């Protein structure tokens, strides 16, 4: 096969792999059990989306998708931070309530 | 020739992405799982992006890819740190919400 | 592909209706998000799908040379997403306040404006 | 125990109405020669031409007779009430209402356009509502007012329907034109509905059995009101209507029998009920009912006798009944009671009142030489002239008339001359403005009895002419018509009447017993009202439950049913499912969103739900990425992130999902699934067809050359459809304002 | 949020996000981006800041009341639309000025359309911050 | 030409921005009044222009229809805009005596003006998606106004109001997507033409039903009206007045527009459904009112029942019926808004809105009594007030169509309306106050500000009642435009090639 | 730092010479300029910290990239092999770097390098809490980190 065909094939394979890793991460998200676990999974998925943008960009030659990747890299972690912070503060409050009780 | 290089970048990247996710799925506890996502995840995505940069051969794109990777390396550990913080504050990270 | 996405929209709708029928306002909120996603996707799909050709005019030409994706639905969806966000934000805060001042999220117990007659 | 009236009574509020009514009377009076000569007057002022509504006024005998009664009696009653209500807090309002009522009544009897007539008809309803409820702080007054309003309201609505049908059938609302087109109504297929609607209107305005019971209750109004509305004017509006449409609607069996039967029943029933009353005012109210019945009965026919009788009796009754009402009012005002068994031999204390009462009563009883006698004679003549069943009719008239004799005794002879009880001490004669009315009216009754021709020529004949088309058919009014069947019947009437008067107490006791055992319409009304209230409450409580979940169920259910049914009825076939163009990543995205939705739907953990939504959002973004919508994808991701952030902030003070969840809700799941299926099918059918890309093509062509932008989506947003975007940012701003307000608003709890 | 790491990160983030948002805003007419996306990104920046060191500091850093920023933004967008009236065009007709335009190069474009997009940017930024801050303060 | 169309929309927006930025200063309220006044002038001008030139259209951004967004004013739009401005001004003035500073500082005037802007936009736009946007502007600002008092009642009412309206909104959005997917256009006029080209007309009916349900919720028809009685009695009186006057009417307007201009392909089906909906709405609404004893709750249910009359007009689809619907729209906005304003005054004078617990208004405040009687009896359809003509036309239309049953319902509902209006009258006005309170006008804050608009609207009611001819004639012209959209389409798309 | 500015200027000139201000040309110009400056060292008054720092920066980057790959491979190995030989622990590492940016750099780099993940920095900024996957000898791990990443970072920033 020519190198171009090989590239096409590997792009396809990569796409499948990336999306597969999304699916796998989702399983953890599904299983949890702890809030932190889910946040980690979500974080992992966000990072993977960046990869997806890269692959699809190559597969379709659409530069614009790299902008999506850029934005995601910038703000993707905000959700993670917010949720982590929620967990932390909630636990803090629970502890507080326990003290009060 | 270049296509081969790109392909290698892509396949490696894809591989590490899968690894990261499997890690997040299989490793025993939150903290170890984070190792997987922060390291392999970032590397995987970065490799794929670099592959893209090489493929598209465009200054603007290259700059954007570099920026993306830097942002990623800046934010991913901070995210991990936040989660870690949350889970060590009281290591009973098992509490159901 | 439109068909597969139609099915997907159906699934989204089913989930959201189920959630919105729940007594807990939080579930209603989740349903709301799903439903507006479904609506946006409907517009997007109804405008037909074109992979790999975003509606951009390349440099140096006056109009896209090859067929590009339908731009209008994209604009509509974008608008709808932002509006949807505004509405969701309000609904969320309303829920928040409802719990503060009514002390419950169970809509069966929200009987201030229309109190039980006995 | 004389209820003292304030000495000062000459006030603008009191006298202005008298002046108005008086001058109107004069104005109408000077028309008598013209009308008497058989001519008619007509003025047309266009009002709503686009709906064929005119303010057209038409004066013929019928209108004039009513107009004179309305203004004449009006003037006297207003003079009476100027004194009667002197110093009352709301005298001004009273005068206002009474005057407006008079004007409305005049409009009713003079307007030629049926819709105009209806407008005035309703105006009399409103004004009488306000008059009956004049002493508004008493529950009784309010109830009676409402009862009158609703019952006559029903009539009004029926009449409206009737009028509309007449208008569409005859092509005009002008009654004079319609009457000039013989058979236009009676010959039309719409005749029956028209007749039913019109009669419904007329009957309940004129309180025909079984819609009669609001009238006695309306006696809650001050005496002048009863004297005016419920003797001379408003209740006769129905009679007027029957007379007015008589030329174009009478002459059919339906007309004949409906009027005859309802009239007869009302007549007899009312006169019997009148005997039962001890309150003089109520007794009079029932005799009014009797009169209305009689008039209806007579208008059922077309013979000159009956119509002449009707017209004459109409006038007679108005005169003596108004007079008697005022007399009772005086008794009430001076002695403080209206109870038949408390009032005896007041003649010495109040001779003028007694005199007036005497004259009026004799006219009512139908003794010669009073107009009442002529009226009665004619009634008999008319009854005999009735083509069908003269015996039945004459019998009814006989019973009723006999009872009238007895009642005349009860309401006027007994209180003033009877010795069977002691007169109330310290009672003085009423002031002259209150005496003027009854006296004048009673005297007129006597006067026209002795000189009937005057009345006949100027009023009765033209009126009869107006009703049956030919004034020539009018029978002359005479005291001595020779020895004939009517005369014998009259004598029989007196004998029977005296007998009844002799045994009134026994009869009354018996009647009271009887009526108390039989169901009363009035209680029925209360039950009805209670029923309406309770029924509507129950229904509303069943629909507007106050439970959001029910609202949701019904709303979604409705949407679902509507769409499913339409889909089933209006479209055919199920879309062919098969996806050649589906790539592997399509499937993965599909699964991703599917799982996200599933997770959100089933989980009991808020954060899991949010994560699930995040996954759905990511999936959406993926779809936008794959199908070349980068702007949308970016926005979706940013918004998704913000949603998570906001939720994470709010969730800190919100309870978990565990509380008040009922596990899996099968029914809801079914509705949800059905809804999903319907949506999917519709969308598949839509996308199965072609799409017109005209707009998009234009945008693609114009984006760079004309709008100087390469990102077509953005150009659409900020240029082609900038107005959308503007509205949208407005929404975002408003959301921010509202949310801020929601979070900062100080709860001002005001439960009322 | 007393996290040294987050704080340090946030500083960088805010700068980067603000620059990036401006970039997205200005290029939006020709490539993915525009007022919404720009505004959303800028808002994200300040939200990060608020999470890292509290809304009080974030409000200080913002200097203006977010609500008013949004209000002004709407005003600007509206004025950009009304500006067309000066040139006798219909509401929201784009008015363009090309600085140094030559036949082969359009030159640097200034337009009411851009002003409008800036209005959008401000509204989105202000509104989202107003929502996020007031909610944050209510919790 | 296009600025005649733009100004009624632009002015409230500008006013809103200024009023909002000045929300902390007491001058904000005057800004609001001034803005409403200017808006009124603008809409009067628009009305004049439309009366002279017939349907006018303005292409926003100079982009030709159907590509850009077109603002269109036919007589219906023009009159709705005008009525909106009138009601807006009335309520803006009334608000001075009704809205406390706390609410002003939270941005009451801004929200109020934005609500007006949204409503105006909805009436003026000639574009389906743009209509959606204005619906949202309207909806979200109504959310804000609804909860501005922040009490338990407002929150609870708000939850139901928001929840149900959001569903309708999303349905509407979906409908737009589907209709675009079938026709490829969003411009009303263009839709009117393109729908005829759609080969799957049955599917078009399905989509039409989506819109019917979505707008049905907005218009509060049976069985989709729950949000209305759940919320309308909770906010401040000026707010509920503007809601009562305008919000549901936008839904009715949208139904009339869509089901005369675009979805006139399957009248046999769609309008029969509407007919049943109309009857049920009239009956259920009026029975609901009979069940209430709270001033505002009674009025709220009457909104529903009278929406039924308007829908009936649309459902019959005969010229006279549409005339009735249009006439009813105009009449009802004025009357119903006014009644809510009066309810506010009554509450301030007697301390409540529960009619059995208040009273004495007739004895000591006869002026208010008269001001109440006018709209109340107009609502009940007594001649010679505006409501009578509205009812008359509708009833005549249904009798002409030989729909006895429908006519009977319309009349019976009229009777029930009398019933609950007199309930208010007898209890709140005639009856003495159970606690012996002697209502006193002097105790009313900002007396003129509160009574002036009420008197003004009452005068309007009388004018329409005594001189209905021009209004009926106007409604007839409007109907011609609605039933023959050629003028509309030509104005938007230019003369057909 | 003025040498850095000079270097940039050279890069710009170079790009200008080629008449194209592309990133590639600029980068190339920077490298060549750097080389030129390095050779011309004496002309600029003897050795300067500039070259050293440049060298250290490059070294840090390379070291880090290498570490990142190693760590990822390690994770991969760990993930793929069923038997789990790691015994994780939470360690405390004293911090010498002072400024926020340095701390951020250190923590981020540590998180991205093998086996370690920085969880938190104590409010007094003195100690860094690290999660190590293979903490058979905690002190060893800490030592590696300190003379690994932290030292390099310190060297980059110290004058």
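The first chain written gets the first letter, and so on, giving A, B, C, D, E, F and G; residue counts start at 1 in each chain.
Following the convention adopted for this analysis, a contact is a pair of C-beta atoms (placed from the backbone, for glycine too) under 8 Å apart; a residue touches a chain by one contact, two chains touch by 3 or more.
Predicted model, so just to flag it, every value in this text is computed and none were measured.
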Path length in the contact graph (subunit E to subunit G, fewest steps)
1
Least step count from subunit C to subunit G, where 1 means the two chains touch:
2
Remotest chain, subunit E as reference, centres from CA atoms:
D
Chain with the smallest distance from its CA centroid to the overall CA centroid?
F
Mean-CA-position distance for subunit E and subunit B (Å)
30
Subunit A and subunit C have mean C-alpha positions lying a whole-number Å distance apart equal to 22
So, what's the distance in Å between the C-alpha centres of subunit G and subunit F?
67
Between subunit A and subunit B, what distance separates the C-alpha centroids? Give it in angstrom.
9
Using the touch rule from the top of the page, what residues of subunit B touch 2 or more other chains?
15, 20, 22, 34, 36, 42, 44, 71, 74-76, 78, 80-82, 85, 96-97
Residues within subunit F bordering two or more other chains:
13, 20, 60-61, 107, 110, 129, 133, 136, 140, 143, 147, 150-153, 159-160, 163, 167, 174, 178, 181, 229-230
Could you check subunit G for residues that touch two or more other chains and list them?
107, 118, 120
For the complex, which residues does subunit F have touching subunit C?
129, 133, 136, 139-140, 143, 147, 150-160, 162-163, 166-167, 169-170, 173-174, 176-178, 180-181, 229-231, 233-234
Give every residue of subunit D touching subunit F within the complex, in rising order.
47-51, 93, 115, 118-119, 122-123, 125-126, 129, 133, 136-137, 142, 145-146, 149-150, 153-154, 157-158, 160-161, 164-165, 168, 193, 532-533, 535-537, 539-541, 543-544, 546, 548, 550-552, 554-556, 558-559, 562-563, 566-567, 569-572, 679, 682-683, 685-687, 689, 691-696, 698-699, 702, 719-724, 727-728, 730-731, 734-735, 737-738, 740-742, 744-752
In their shared complex, at which residues does subunit C touch subunit F?
20, 25, 28, 32, 35-36, 38-40, 42-48, 72-73, 76, 79-80, 83, 86-87, 90-91, 94-95, 97-98, 101-102, 107, 110-114
Complex contact set, residues of subunit G against subunit E:
100-101, 103-104, 107, 118, 120-121, 123, 125
In the complex, the residues of subunit E that touch subunit A are 1, 6, 13, 16-17, 20, 31-33, 37, 41, 44, 47-48, 51
